[in-house]
């Protein structure tokens, strides 16, 4: 008697897929619970942790933001190997505004987000016409070159960077700022990508010629996505600038480029929740493995390879599938 | 000063060309962007060092082993990883990048860091051309670059495998109908690219130490040259190397050395504005890719 | 009252790819409301001509005037915006999406937004209506099937629907009938006739001559990138040049 694996939607999913017929609290809970977990976890439970672990969560949230921003760019076919470009630029904009003109963090961060996003978008505009690999190459190279440029020309504080910047009033403020930002990014991007706009973006990724033929200027849309992704990255940079009271060359470090990619690949690209999950797995993990030094990056690298090749959908998709569908062995007739 | 600039500019260009050649070749033939390129470079360097110092082998065998090891590594990467994600360029980039990262940082973890990691020069000493002192190693680099370019040209135009590579590079589907196995060519291109990285490493590394950061440097420089010259075009690489090489040397000699990095940046910026796919690339705009 | 000047005026269009002269010096006028058939052996430059008109390829020389304005070399999205839309020979829908979701993309274009007066109405509903117009049976809920599950006849009609969704004035159909059975072709012809009755102008590139001649007002014949004949179907098929192109010359 041969058996095969069968996957069918759980009863509750089949019923609640059509949102017009929510008939019970159980169905509503089923639909809302996954989204509620990060919200409750971040806003209610995390503040109860010790100061040290709150630091870890803040750091994780920063990387999660970078990973989510990466995922957005990926959705339009833009593989960014240089999230640190956005991070560094955001960091420097906020840093210089604060250092030279004493602008308060509540202004520098929004300004850095929007201006930085626009700047990065303009910077990468020429590459949008080319295949995704050119975007990857340029984003990899640019932040590393900017770092060396700063080192060589000694502008913006050179190798020492800008120190003594205005911090957040206290850890809790910083915590809530990043937590809210993260949740907004997560749910905001998910909302965008599930709308018709998102469909157009995904279509551009799938078959750009067809979208062009449908009267849509694909480069303009790619630029918009680039702006959105870059802004989030710049926000992260600006945030950390005021968290660490420092802006400098380390803002362009490779770490800020690699970690988000690894997190996204591990968690599952295209889902936004996946990259966030990936970050929440990898960052605390790397924190705990801090003693291993360079071995951490070896692990990131290996994770990248293994997941890209072997488990391309990522952990989140796996969990999502388990949540929505049940598997069972069925006899083959 | 002028003679010095001309000579050192040439050497600089030669170095850049050697660095970019392997990466460009792999991409040009099989469309695989091997972001583990820098890692292979460092790997080859360390392999020679290990053979020389730990295994106590003489120079020539060490070098040969390293070159073979690099080629084997390239082929291994192809069959273990790339073949599973072929056709998805972004996945290829991420996977090779991750692998390269792992390899390079592994060396760092095992403490291959420090001034003792040097490779010996081929011939010690220097000669003077006019009133400029040039060490032999640098001259050898220049010589190697020329010979390598020439041999690559001969290879791709006058041997069966070489021409098969060009066929696949021009039009994969048609080449397949001629019985050319794209996987074999793909693995070969990876192997060849890695071998070129090894050769470049052996010739260039004696100028300094073998450092893991060097791996990142190599990748950045190779990418910069390819961005400016155009991925897939050997002529483009050569022209871009000369352009960037000389600009850097001129900047270092007549302005200040730390502006050298700016040169590459400006070159990339100019290219992005005028012809984003690179000076000599065969890239067609979307509209032509019917 | 149809205007006297041609809707589309192509003058001396030339395009070469490397050494190959894909299209050489092609000129023709297109009157509003007519159906022009373009035929010719494989490789005669028909698709290149379409690509040149719709901006997917830039000509080496020559001009394309649409409603009097010069549209030569403009990018495809701008040309669609002006009212010209085309289908592709190789239909490539978004396979994982349901059929009607495929239409969201053209419905999202600026042209549709403009013509709908800025009201974004429910695109899903409009998409479903469009599909019904091209023959997707509503009660069989064919429109909800993923594009990967649809046979070629439906995919061709989906491609047509994508074109119509843009509310064009000029539609260029590149080998719409290829790969379809006689019955499927017979099913699509009424849709084309309805488009004509709505005042649209159509260019059809075809290999299926019999079916084309029944509905075309005029035929243009291309060979080796040049126009070798133009006129009503019967006239064109009698010309020596056309016979030679298709059948070869006397031995």
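Brief remarks follow.
Letters A, B and C name the chains as they come in the text, with residue numbers starting at 1 for each one.
The definition used in the following text is that contacts are C-beta pairs under 8 Å (C-beta built on N, C-alpha and C of every residue); 3 or more make two chains touch, one makes a residue touch a chain.
Since we're looking at a predicted model, the values are computed, not measured.
Most remote chain with respect to chain B, judged by CA-atom centres, is C.
Counting contacting C-beta pairs between every two chains, the top pair is A-B.
Centre-to-centre spacing of chain A and chain C amounts to 42 Å, using the average Cα coordinate of each chain.
Here the spacing of chain B and chain C, counted between their Cα centres, is 48 Å. Computed centre separation for the pair chain A/chain B is 32 angstrom, with centres defined by C-alpha atoms.
Counting only residues that touch two or more partner chains, chain A has 209, 212, 218.
The set of chain B residues that touch two or more partner chains comprises 287, 290. Annotation for chain C: residues 56, 75-76 touch two or more other chains.
Those residues of chain A lying in contact with chain C across their complex are 196-197, 199-200, 203, 206-207, 209-218. Contact residues of chain A toward chain B in the complex are 74, 77, 79, 81, 126-127, 129-134, 136-138, 140-142, 144-146, 148-149, 151-153, 208-209, 212, 218, 254, 258, 261-262, 265, 292-295, 297-305, 308-309, 312. In the complex of the two chains, the chain B residues touching chain A come out as 33, 35, 81, 84-85, 89-91, 93-95, 97-103, 105-106, 108-109, 216, 219-220, 223-224, 226-227, 231, 258-262, 264-265, 268, 272-273, 276-277, 283, 285-287, 289-290.
Of all residues in chain C, only 54, 56, 75-77, 80-81, 85-86, 88, 92-94, 97, 101, 104-106, 108-112, 123, 162, 165-166 touch chain A in the complex they form.
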